[in-house]
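Here come two complexes built around chain A, the first alongside chain B, the second alongside chain C.
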Partner chain A sequence: MTKKIRNLKEFSTSNDRYEGANLMCPGCSHNIIVREVLNATDNPVLIATATGCLEVCTAVYPYTSWDVSWIHIGFENASTAIASAQVMYEVLKRKGRLPESTMRAIEEGREPKFVAFGGDGATYDIGFQWLSGCFERGHDFMYVCLDNEVYANTGGQRSSSTPIGASTTTSPAGNVSYGEKMMKKSMVEIMADHGAPYVAQVAPNKWKDLVKKIQKGFETKGPVYINAMSACTTEWKHAPENTIDVSELGVESCVWPLYEIINERDEHGIIYSTKLNITYRPKNKIPVEEYLAAQPRFKHLFKPENRHIIDLWQKMVDIRWENLQKREEAGV
Partner chain B sequence: MAEKMQLNEVEVWDGNMAAAQALRQAQIDVVAAYPITPSTPIVQNYSKFLADGYVDGEFIMVESEHGAMSGCVGAAAAGGRVATATSSQGFALMIEVLYQASGMRLPIVLTVVNRALAAPLNVNGDHSDMYLGRDAGWINLCSYNPQEAYDMTLMAFKIGEDLNVRLPVMVHQDGFLCSHTAQNVRPLQDEEAYGFIGEYKPVNSMLDVANPVTHGVQTEEDWHFEHKARQHNDLMNSVSTIKKVFAEFEKLTGRKYDLLHKYKMDDAEVAIVALGTTVESAEIAADRMREKGVKAGVLGIRVLRPFPFKEIQEALKNVKAIAAMDRSAPGGTFGMLFNEIGAAMLQSGKTPVLLNYIYGLGGRDTTIAHLTDIYEQLDRCAKSGKSEYPLQQFIGLRGPKLSFY
Partner chain C sequence: MSSKDIKELGWDELVPGACLFSFTEPVENVVDLTMDERPYAPTNSHEASVGDWRVEKPVYNRDLCIDCQFCWIFCPDISIISRDKKMIGIDYDHCKGCGICVEVCPTNPKSLLMFPEQTDNEEALASWPEKEKK
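Entry: the complex of A and B
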């Protein structure tokens, strides 16, 4: 049963299963995205969280921000934990051993949903093997990457999601360095290439788009990957009140394109067709420079000797945007 | 529903088959596993049972041992019976999650077929992996032959899932020496085995959606200590459940187990303390020594964690010379058994001679002759009342003798 959502006010207060007043920094996007995901459905949700900001700030004994069943094992394995919980669900359902409350929910048409949240460190790097394994095996769950492009919880080290030119604590800008040297890994495409039936990129400011994709994901059988832009006030170094504005600049400059990839496949994983849809098209694509200028992690790029990195950024974003449109048009 | 398997009164099983059969009879809900020699056949046997309809659960063939134990933790937290198997490097890869499983109080069963740790790479048996995991907060049961591997695995479920315990349990057996050696095993029939273990009773199940639970929280200095203390307390107290389950098993099968396996210990003056298949070899050596008039005994550790401290003091109280046999590279100190037996004896007020023998690394054969040599040394020490040899000796090693202290 897909939950009907009319307006933001109603949406934001519709389902209090996650307490936003927790230990996260003011203006943290992680909080916003988690609420958006949970509020997208009235079904019971079981959650696994990887080690990272979300985990350490929301379940500090004897408190918890979660009014849903929640598990944290380690930095790497949120995907395997929740995928295996889902397998247990199937087994207990088959054997008639599910708790009564869950049986009732199923009868009411509210099947439990299984979600893992991981930061980009947990997703792109250390937990990639587990994530890849779960997707290859076709587990029925949703993985949401809270992509703040940095290891925030351990103090802002680079990850393989950190974009070129960002200054982090392990790729600092300095007299002879412009910061991070490598391009960001294309996680959305990598996960789509696992043959996942549904993969999407979202941003918290475009909440309707996000909710629609989450709902689509919940209706999909098999592994679903959601890559969510998660502006981090502490490591992107913008003011807390600017979180949504920064996300907006990311979307409007096409640094963070909103799109989805749908792999139509049978139960054996044979893919019959791949379709890419761009779900938001900026009316006036703004220069990348505006996005970079809003975040002090890129401040040094505006020095004359580093300007070429801004040009590189623009080139990279243009090529990618072009390619996405080509793929959309070609239906592949 | 799973098909029943008709078993003979006596089956010829190796340790791996024995463990796999026990897993089958426990009707595990979810197994998440990854293969590694010498425990691979457990996973393979189990898959075949599944393919033939003898198991009604799910088998997740994951991409690594870390994934296997992660899957076990997630599935167990969801509220069903869970188990897996591993050895050596796979065990080492699981280590992070082994602590997480016990910290979350999930009664997972792990059958460990013991094997050396690289480097150098070696697929054969020693106890390096067992020693690596000894502080992970799990109950550790040791089996010396396929029959015991079967019995201990069945009992592991009942012990770990007991509501007073709720802790994960490892069942150890020696790589190849037990895992690949076929012997007569007397199994229980399926209903009997399942009836003994009982149905799984979920605690704090994530799947009870009306009662959400939080597993694996963050605690810092304000609560971590209390959590770990409580966990330790319950692990220490699990002894009473272990004894209870051993007793129930004896009633059912006539096979008697205790925290320690004692052979001719009543009047022993010299004793070998060991783990694994060496216990049975030492029994033969003890018999030979007895023929020569030496009062030799063997003490096998059956329950390594919780460590049977008092029982060891009691069993060794009249022994004059003891060999603590460690089948793991000691890594810069004495072997674990030496240290732990030493601590027990120190507190008992008795001061027997205690020697540490490092043996059998990487599957090196340990012969009856080696063990009778050890008894000879012990006998000499017992007679003189003092240590006549270096405290730590490597036995069965090629080249010059190696000893310390």
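Entry: the complex of A and C
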């Protein structure tokens, strides 16, 4: 049963299952995304969280900020933990050994949903093997990557999601370097190539698009991957009140295109069809420069000797945006 | 487990695989309960305060608010109290003073403004700016 959310007023009647007084930085997008995901459904939700800001700041002994079942194990294997919980649930259901309250929820059409959250470090790098395994085996769960393009919790080291030119503690900009040298890895496409039935990119400022995709994901059987832009005040170095503005610039410049990929795959892993939909099209695509200028992690790019990196950025974004449109048009 | 209350246990007494409790009794469908109705355990962060992080606080002006709920959706700290589609106030125990709610508030003048933490709310409301001319 999908929760009906026609507008923001209706959405605001949701009873949050995630609590304040957690220790995330003021203005952190992770919190905004987690709330939007949890509030997208009234079904019971079970969550596993990889180590990272979200886990470390919401389960600070002796406190928890979660009003839903929540587990943390290793940094790398939130995906495996929640996929296993889902399998256990299926077995208990088959054996008729689920608690009565869960049985009632199922009868009311509220089947439990299984979600893993991980940062980009946990997702793109350290947890990738486990995530890939879960997707290859076709487990029935949703994985949400809170993509702040850096290992924020351990002091801002670069990850394979860090984009070119960003200054991080392990790719610092200075006299000899303009910062990170490599373009960001394309996680959305990589996960789609596993043949996952539903893969999407979202941004917390476009809440309606995000909620719609989460709801689609919850209705999907099999592994679902969601890549969420998560502006990080501490590592992107913008003022906390600007989190939503920075996210807007990301979407309007097409640095963070909002789209989804729907796959049909059989049990042998043959992908029969792939369809890509762009779910938001900026009326006036703004220059990437405006997005970069809003974040001091890119400040040095505006020096004359580094301007060519901004040009590279624009080229990359234009090529990707062009490709997405071509794929959408061709239905592949 | 020892018979000590979990909040009395030191970090070095915590056993691996420990549970942190959200509620004092089982809750079947937590989505059916508003935050005012829940049996929060002392170990739920709802019972904690991060208000002392704040340098500035948002003050809310009911007279100007159009209940659009932008502040509700974008507040990272679940500190905008909305009931029945209406914005009714700010939870100062959980608000960290990030200022996002003020940034996203669309009214003119804004229905939420940041003031230094020590400002009296009545005073803040009395000094509310006039409508800005475009």
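One rule holds in what follows: the second predicted complex is superposed on the first by the 320 of 332 C-alpha atoms of A that agree within 3 Å, B and C clash if a C-alpha of one lies under 4 Å from a C-alpha of the other, contacts with A are read in each partner's own complex, and residues count from 1 in each chain.
Everything that follows uses one rule, which is that contacts are C-beta pairs under 8 Å (C-beta built on N, C-alpha and C of every residue); 3 or more make two chains touch, one makes a residue touch a chain.
Nothing here was measured: the structure is a model prediction, and the numbers come from that model.
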| item | value |
| --- | --- |
| Room on chain A for both chain B and chain C (clash or fit) | clash |
| Which of chain B and chain C A:62 touches, first, second, both or neither | both |
| Partner chain(s) touched by A:97 [first = chain B, second = chain C, both, neither] | first |
| Which of chain B and chain C A:105 touches, first, second, both or neither | both |
| Chain B versus chain C as contact partner of A:80, first or second or both or neither | first |
| First, second, both or neither for A:244, with chain B first and chain C second | second |
| Which of chain B and chain C A:316 touches, first, second, both or neither | neither |
| Touching partner for A:29 - first (chain B), second (chain C), both, neither | second |
| First, second, both or neither for A:42, with chain B first and chain C second | second |
| Touched partner set for A:16, first chain B, second chain C, both or neither | second |
| Doubly contacted residues of chain A, that is, touched by chain B and again by chain C | 44, 59-62, 64, 66-68, 101, 104-105 |
| Of chain B, residues touching chain A in the complex | 29-30, 32, 56-58, 60-64, 66-67, 70-80, 82, 96-97, 100, 104, 200, 202, 205-220, 223, 227 |
| Footprint of chain B on chain A - complex, ascending | 44, 46, 48, 55-56, 59-62, 64, 66-74, 76-77, 80-92, 94-95, 97-99, 101-102, 104-105, 112, 129-130, 132-133, 136-137 |
| Residues of chain A defined as touching chain C within the complex | 8-24, 26-32, 35-36, 42, 44, 58-68, 101, 104-105, 110, 204-205, 207, 233, 239-245 |
| Complex contact set, residues of chain C against chain A | 6-7, 9, 11, 14, 18, 20-23, 26-35, 38, 43-50, 53, 67-70, 72-79, 82, 84-85, 91, 93-100, 102-104 |
